[in-house]
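Below: a set of structures, written as structure tokens.
Next come two complexes, and both contain chain A; in the first it sits with chain B, in the second with chain C.
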Partner chain A sequence: MIKTTGFYDLCIQESLFTSLLTNNDLIESLKSLHNFGYRTIAVNQSIDDGNIEVGKKKKKREPRETQDIVPVPFNLKRIQDVVAQLQLENFVVLNRLTVFFSHQEALHKITKSTNYKKFHIIAAAPTTMPAFTFTCTSLEADIFSFNPENKFNMRLNRKHYNLLIDRGFHFELLYSAAIQDSTKRKNLIHASHLFHAFGKSKNIIFSSGAENFMYIRSPYDIINLGFIFGLSELQCKSAVFHCPSKVVLNSVGRRHGKAVMFVENIESEKEDVIMLQESEGEDMETDQPRQKKTKI
Partner chain B sequence: MVRHKNRYILLEVKEIGRSDRSHLKLKEPSLYTAILKMVEKLHGDFGVAAIRAGFVAKYINQHTRTGIIRCRRGPHKLISSCIPFIKMVEDKIVSLNMLYVGATLRHCFGFLRNYQLKKFNEYCVSLNSEEEKAALREVMMSFEKLADRL
Partner chain C sequence: MANSFYIDLSLKFPDPYGSEVSPVYFKKNITEALCQLFGEVSSAVDIDLLKFDKEGRRGILRVPKSHYVKLRSSLTLASRYEGTVCCYIIHKVSPFLLGLQGDSRNYNH
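Entry: the complex of A and B
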């Protein structure tokens, strides 16, 4: 069972960590993430469905080659080592995969791959309308994302939005794109206003999506930033706190099947158990007549 | 279930330095781009992103020089606050005059019909033959095509 707390940033690009070559840089950045208040982060890797089709053709020529489409999850060992070394409490690092796709055929290949199951969190980013409806009806994922470089060209409606919410999806807004440049910012604000219009901004999460450490902001700043995305202060708070924690919980459920239960042995002293039994027995007898009296 | 509310803004485009009677030809998207540019100037990226959903601007009649804008209720305030600042459309110096803000197209067309009729009567004074009048009437009073374009 993964226990997660604090503030969440569920999308930090893989390139941010690969660019930090020396250990010192890594220590610095993790320290400042911790100081910002983040306790759970997810390292994001993305795959595009367009690239896979090229791979398909190659495979037809060489049927023997069985290369996995989905990349191997980013090795968290280095990060976790540093976290242990710094003695950061409750700091959890997760793997996340973002799938950009336009056809559901290619998606089938992805979901069947072995590496796919190693990721903790899956985000779906459909690029066409059929792909979007497929996401609404039958794709198992945790986050609904989109690329802020392109215009949000999906025709949302309330039915689809509620369908996604019922299936446990959360809508992601990548705020670092809004910091970077004007067109991305416009697309992002446009999309968030659509979310506001269609679903009252339910189940929205903020995550950075940063490729550079420069674009990461403190969670309290993001709560204020949410104003331009049409969210109230309370919604903003839950967008960096409660909703991502639901995402993490849901993801565990998705990976293990419909119902998840963790059973742990708790070593308890015998006296406590006896005390409990006794008190329960007494309560049963003494409480009930009293209740009747009060009722009359 | 709450529906989307729209606002329809009816405009008059006045070209400075020319008489009211002359025709003013504008390309289809020019009004749209002019408004978008001004919103970006005054309200920035936020404004542009906010009005983007359901924003349509059409120049509809060169005889009476009217245009119509459709936008979502709420951000229509961003647009209507920008309209007085527009000075240039397609390199022509113009001033925009807001005639009517309506909640339905029907209301707008009702207003437009009265407005066009008034203009038509004004123009008719200068025309002599009945045929000319009939032709002008034909151009000014046909609304069916407009409804399709919006």
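Entry: the complex of A and C
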């Protein structure tokens, strides 16, 4: 079970961490993230469904080659080592995957991939209307995202919005795009006002989406910034605190099937290895045995 | 209740030894940021730079209560200082100048 506390930034691009070559840079940036008040961050990797079709063609030519479409999750070892070294309390780092897709066929391949299951959080970013309706009806993910570079071109309506909320989705706004240039800012404000019009800005989360450390702002700045995105004072706070924490909780639920129950033996003096069992009911035979985990 | 807010903020560059910042340019950059996001009328509001430390690029601003949210959000979205990337870090905000002296947010038991 992942225990997380606020504040949250559930989208920091992988490139931000890969660009920090020396350990000192990494230490500095993690320190300032901690000083800002962030306690849970997620390293984001994205895949586009346009690239996968190229992969498909390749496979037809060379049927032996079994390459996974989904990238291997970013190795958090280096970050976690630094966190342990700095003795930052309650600082959690997660993996997140953003899937940009225009057809549901390609999506099927992605969800069946083995790497897909290794990610903690999954964000869906449909680019066409059929893909959007598919997301509303049957896709299992945690976050509904979109690319602020393009105009928000979905025909949103109240029914779809509420459908997504009922299925535990949260709507994401990437604020670093708003800092970078005014077109992205316009798109972002447009989208957030649509969310306000159709769903009263329910279940909105803010995350940075930053590729450079200079584009990360403190959570209190973001709470204030929420006003121009049409959120109320309370919604602003929950957009960086309560809603992302629900995202993390929901993601645990999604990864483990219908019912989640962790049975842990806390008395460590009797047994060295703490066994963690899950009772899954009917889901047991359909899912993989990797759901039985050993955790300390 | 006080009519204005006091903001303790500093300007940060990716390169720690970046260009020198004078109080006039600091204020100009803030007004520009406000102008960029909210236009001429909003940027015409009385903002005062009470103190400025050149070395640390840190200063104290006074802003009318009615324009606090606007100013703060434009500081959040500001990313340029004379063509270079920068960011504003807001350390503390208080409706009283004395409130900047200390708060309970960083208090450790």
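Heads up, the rule we're going with is that the second predicted complex is superposed on the first by the 265 of 296 C-alpha atoms of A that agree within 3 Å, B and C clash if a C-alpha of one lies under 4 Å from a C-alpha of the other, contacts with A are read in each partner's own complex, and residues count from 1 in each chain.
In the analysis below, a contact is a pair of C-beta atoms (placed from the backbone, for glycine too) under 8 Å apart; a residue touches a chain by one contact, two chains touch by 3 or more.
Given the structure is predicted, the values throughout are model-derived calculations rather than measurements.
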**OP:** With both structures superposed, pick whichever of chain B and chain C touches the larger number of chain A residues.
**Re:** C
**OP:** Using the superposition on chain A described above, determine whether A:I228 touches chain B (first), chain C (second), both, or neither.
**Re:** both
Original post:
If you stack the two complexes on chain A, which partner ends up touching A:L194: first (chain B), second (chain C), both, or neither?
Top reply: first
Original post:
In the superposed arrangement, which partner chain does A:R185 touch: chain B (first), chain C (second), both, or neither?
Top reply: both
**OP:** Pick one for A:R158: touches chain B only (first), chain C only (second), both, or neither.
**Re:** first
Subject >> Touched partner set for A:Y220, first chain B, second chain C, both or neither >> reply: second
**OP:** Residue by residue on chain A, keep only those touching chain B in one complex and chain C in the other, then list them.
**Re:** 182, 185, 228
Subject >> Complex contacts: residues of chain A adjacent to chain C >> reply: 178-180, 182, 185, 212-215, 217-218, 220-222, 224-225, 227-228
Original post:
Which bits of chain C are touching chain A when the two form their complex?
Top reply: 12, 14, 36, 69, 72-73, 75-79, 85-87, 89-90
**OP:** Mind listing the chain B positions that touch chain A in their complex?
**Re:** 1, 4, 45-46, 48-50, 52-53, 72
**OP:** Can you check the complex and tell me which residues of chain A touch chain B?
**Re:** 158, 182, 185-190, 193-194, 197, 228
